[in-house]
Amino acid sequence: MRDIRLLTNPFVPGMLIGPFANANPGLGGICTFVGEVRGEGGVEALELTHYEPLTLPGMEELADTACARFGLMGLLMVHRIGKLRCGEPIVCVSAAAKHRRGAIDAVDFCMDHLKSAAWFWKREKRADGWHWIEPRDQDHADLARWK
Amino acid sequence: MRDIRLLTNPFVPGMLIGPFANANPGLGGICTFVGEVRGEGGVEALELTHYEPLTLPGMEELADTACARFGLMGLLMVHRIGKLRCGEPIVCVSAAAKHRRGAIDAVDFCMDHLKSAAWFWKREKRADGWHWIEPRDQDHADLARWK
Amino acid sequence: MTARILFLGPLADLAGAAEMQAQTPLDWAGLLSLVNAETKAELQNERINVACGGKVLAVKSELMAQDGDEVALLPPVSGG
Amino acid sequence: MTARILFLGPLADLAGAAEMQAQTPLDWAGLLSLVNAETKAELQNERINVACGGKVLAVKSELMAQDGDEVALLPPVSGG
């Protein structure tokens, strides 16, 4: 079962993950990652913009690659866009497979690509206004592991 | 927030993960793995035995190591014992951290150790009776990554 | 005969607008001549990608936008 | 003056029992003399660990069980 979505409104990960797990009977392992807006450093809000003609097709292509590379039974990949408040989920990736290695590696792979190879731009609001977030060197290093 | 448990009865992962996520405010990422009993190959049931004086202390020690090594904010580690039917969850590990890398790696680390370095023995019932499960070579190779 | 130029993410701050119209046909040199100096310098950085008609160009200097095309200027991404 | 010997997991099938009582003091040679030939061979395999009084022994041949001790014979594990 495959479920790739962009969401403009807040979501509750459990409401997606429960049905996703049930939709993959016979799975051996399911790994899930949820990223949330951290409120540290005086961050008041986060805004995610994207480029619609590329974003969802890019996520579908990423899903194709992950499903084939890790032999997945199912993949859920949901990303928020728009304004988010602290504590809100930004991203949720869940992978179902026969064995744990495929499920865990697929989540790791998809997250690295969503972080620094998908068409999103993130800025955060602090007391002195909005600041764009540049990808960290660590993110590029993480992505390079899969080449 | 730390929650390390052995369970003798079936559990619903979402009932553990939701409260665990809420108990770690300010987290940046939360990664969760759930392993389930696969029904393939004619498996009718699974039985997990353990050695009580070592099992939970060993899981606590594993949790100490993971929390320190990956800088975790919280760790949930739950393992079933007793008889399980196909589709039932065997294990659930969830790690909360500031960044995704710590959360994902911690789950990977804990699962590798629960698989082949914790005091559990697993056997499965097929049409011709009970069969003990030996750890796979892959499991030993996975564990060796963390040395 | 125009194309729509989109400045994504931080490029909109640099260019002073999120989008503009441009006469077509429009090549890469033509596009660079339409933006301010700071934006021009940034666009030439290899970190910047360009999409035309919904496809990311392998070599952005080969841009050739026709009437009705949407040209997207894509700075380094940061999702998740 | 006895110790309780536990055969965990598949070792119980091999030994024909999940547990037995043994006279103390009991050393490793003494324990090996109490089990059947197949179990004896398997116990000497380095894959088998031994715990005494709730602690896994670094060197199982140094076993010295006293009255009231529980000795656990631990085959290769498989959890998760």
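By written order: A, B, C and D. Residues from 1 in each chain.
The criterion applied here is as follows: a residue touches a chain if its C-beta (ideal position, glycine included) is under 8 Å from a C-beta of that chain, and two chains touch if they have at least 3 such contacts.
The shown structure was predicted, so the numbers you read here are calculated from the model rather than taken from an experiment.
Visitor: Which chains are in contact with both chain A and chain D?
Guide: B
Visitor: Cα centroid separation between chain A and chain C, in whole Å?
Guide: Going by mean C-alpha positions, chain A sits 27 Å from chain C.
Visitor: Report, in whole Å, the distance between the mean C-alpha point of chain B and the mean C-alpha point of chain C.
Guide: 49
Visitor: How many angstrom lie between the CA centroids of chain A and chain B, rounded to a whole number?
Guide: The computed centroid separation for chain A versus chain B comes out at 23 Å.
Visitor: Listing for chain C: what residues touch at least two other chains?
Guide: 80
Visitor: Could you say which residues in chain B touch two or more other chains, in rising order?
Guide: If we look for residues of chain B contacting two or more partner chains, we find 35, 100, 111, 115.
Visitor: Sort out which chains touch which and give me every pair.
Guide: A-B, A-C, B-D
Visitor: Which residues of chain B touch chain D in the complex?
Guide: So the residues of chain B touching chain D come out as 35, 48-49, 51, 53-54, 79, 90-91, 111, 114-123, 132-135, 139.
Visitor: Provide the residue numbers of chain D that touch chain B in the complex, in ascending order.
Guide: Interface residues on chain D, with respect to chain B: 6, 8-10, 13, 51, 54, 56, 70, 72, 74-80.
Visitor: How about chain A: which of its residues touch chain B in the complex?
Guide: My answer: residues 13-14, 17-18, 21, 25-36, 38-40, 87, 98, 100-101, 103-104, 107-108, 111, 115, 138, 142.
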